[in-house]
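For clarity, chains are labelled A, B and C in written order, and residue numbers in each chain start from 1.
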């Protein structure tokens, strides 16, 4: 089987509020990889992840994600990637289950998919009936990840996914990401905690001053 | 996209704008002299009829400006290549249009005070014009929302097209509203003026002169917009270099 | 074949968004506990300001719809605060969800909340302003409320989406919305006055205004579904 390129960025510049947060980034990611983006705050990790999700216009360079040219069409790629940023994208007044069912209705997933996703993230049982507002930070993060599973994203873009998780939550997250990889997903995630993240990642990239270098 | 090269011109003037500018001065000088001196006062309205030479052309320009905004916005949205040139003309035209709409309303109410004895009548034309003004002030506010240049262009183009839907509804509802609450005292704004040849010609010159002003302003304004967009863009190369070489201290 | 699939997907998304918005309102009760009392208070304040039973009876229709439009700004902002507080709107965009379906779901939920609001306002007009209505007048009134709230739901969602998450949205939203809703204010007021028979208005006069409200709702229903996506996308 030939190795399939899921993502290829060449000399990509992304301008946000007149500031080139990403200033000439070149890197590519193959299917089935778990890629760690390491770098200091303000290095451009978040902007890079948002651009991969087709959320930000590419000012210069060429960007290809899952076969879509982001310079021409940033919409086509969106239903196939899952981005989890600093916010969780959850509705605080709804329960965990209601949040999951909302997403499953949007994407046409079954109740079975929802149950599986919640099981995988340890959200079944009493927790599923709890309002998101009453959850801990780690539980919310798990809930957000479960929604990515429900959405069957092919490329997972995670910004600091370990932040705010307890030891058990981190182990669960690592397991889930590996399981998602085994199920055919590709993962790109940003993290400060190099040690733990390196163990999970199959490859590391360093983001600094808006550019990307191999670790 | 903008061209990558730095702007080569140091002013927004060109041969074309200078010709338009000279023509404008000639025509407007004629309108001022003829409007104030050569033309006679109206039998009924007296000297106040002279406001017409400003009021009618500026109303014409105001509506023309918004038609230009609507058409260029439609071009921006529907053309295959989303050219930012259309967006700049749309924005420039709306700015100039708002200015002329204010002139229209001010001269209109001054004339109304002299003729009707009131600054304001709930006349459908007046009311629609006022709503149009507020709508396009909103349009200009939307242009100032933060975001990328493309985002600004897309948002404002959509708003301009929505205004095209909105204005007929406003006009129709106001006409309909007034028809049910008829006030006999309303004068038709131009109905009582018996215009001789010179008056008509002066009015016509006014329309031509104001149109020239409009064209001149649009040409310059869209070029200043281009310059400011280019300034952001040409700063980009330096900014990218600075970004790549910045020291990561933390 | 593919067309029907898109259609069912659209309906599914719209209904999911609709149910989500109403469920969150049922649980948080922001509109019920804050906007309804606010609108009721406006009606009481009008009574203080005008202080004349005949005048109040005459202008009741206008006051109901003014109060509705003032409340609309608050409800619209609440409706989008739900989606922006934890960046759920971002998630919807990232997930490539059909935004015109999101628009329809949110607009219909908004219209339903406006209907609830108008029932309270009309009841207040009966109690405070002593207006009266015949059976045929009631039919006119119900149709008028249905058409007006649908139109307001559409424009409210459209411009609310544009201003959601921007700086100065509290002031920008009224600036953009007020001129647009002017036809609704005029038409709904006249139709309501006709239903109440205020100032000797005949009921038959009201139906033409309801027609205008229906046109407004149709125009912004179609225009809004087309424009919503491009407006809120980055």
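The rule is simple: contacts are C-beta pairs under 8 Å (C-beta built on N, C-alpha and C of every residue); 3 or more make two chains touch, one makes a residue touch a chain.
The structure displayed is predicted, hence computed values, not measured ones.
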Centroid-based (C-alpha) most distant chain relative to chain B: A
Identity of the most central chain, Cα criterion: C
A-B or B-C, whichever has more C-beta pairs in contact: B-C
Cα-centroid distance, chain A relative to chain C, in whole angstrom: 37
Cα-centroid distance, chain A relative to chain B, in whole angstrom: 47
Centre-of-Cα separation between chain C and chain B, whole angstrom: 32
Numbers and ranges of chain A residues touching at least 2 other chains: 57
Set of chain B residues in contact with two or more other chains: 146, 148, 151
Residue numbers of chain C (touch at least two other chains): 234
Partner chain B, residues of chain C touching it in the complex: 158, 162, 166-167, 172, 175-176, 178-180, 182-183, 186-187, 190, 205, 208-209, 212, 215-216, 219-220, 223, 227, 230-231, 233-234
Residues of chain C defined as touching chain A within the complex: 9, 12-13, 15-16, 20, 23-24, 27-28, 82, 85-88, 90-97, 234
Residues of chain B defined as touching chain A within the complex: 146, 148, 150-151, 232, 235-236, 239-241, 243-246, 248, 250
Chain B residues within the chain C interface of the complex: 77, 131, 134-135, 137-138, 141-142, 145-148, 151, 154-155, 158-159, 161-162, 165-166, 169-170, 172-174, 176-177, 180
Sites on chain A touched by chain B in the complex: 13, 15-21, 23-24, 40-43, 57, 59, 208-211
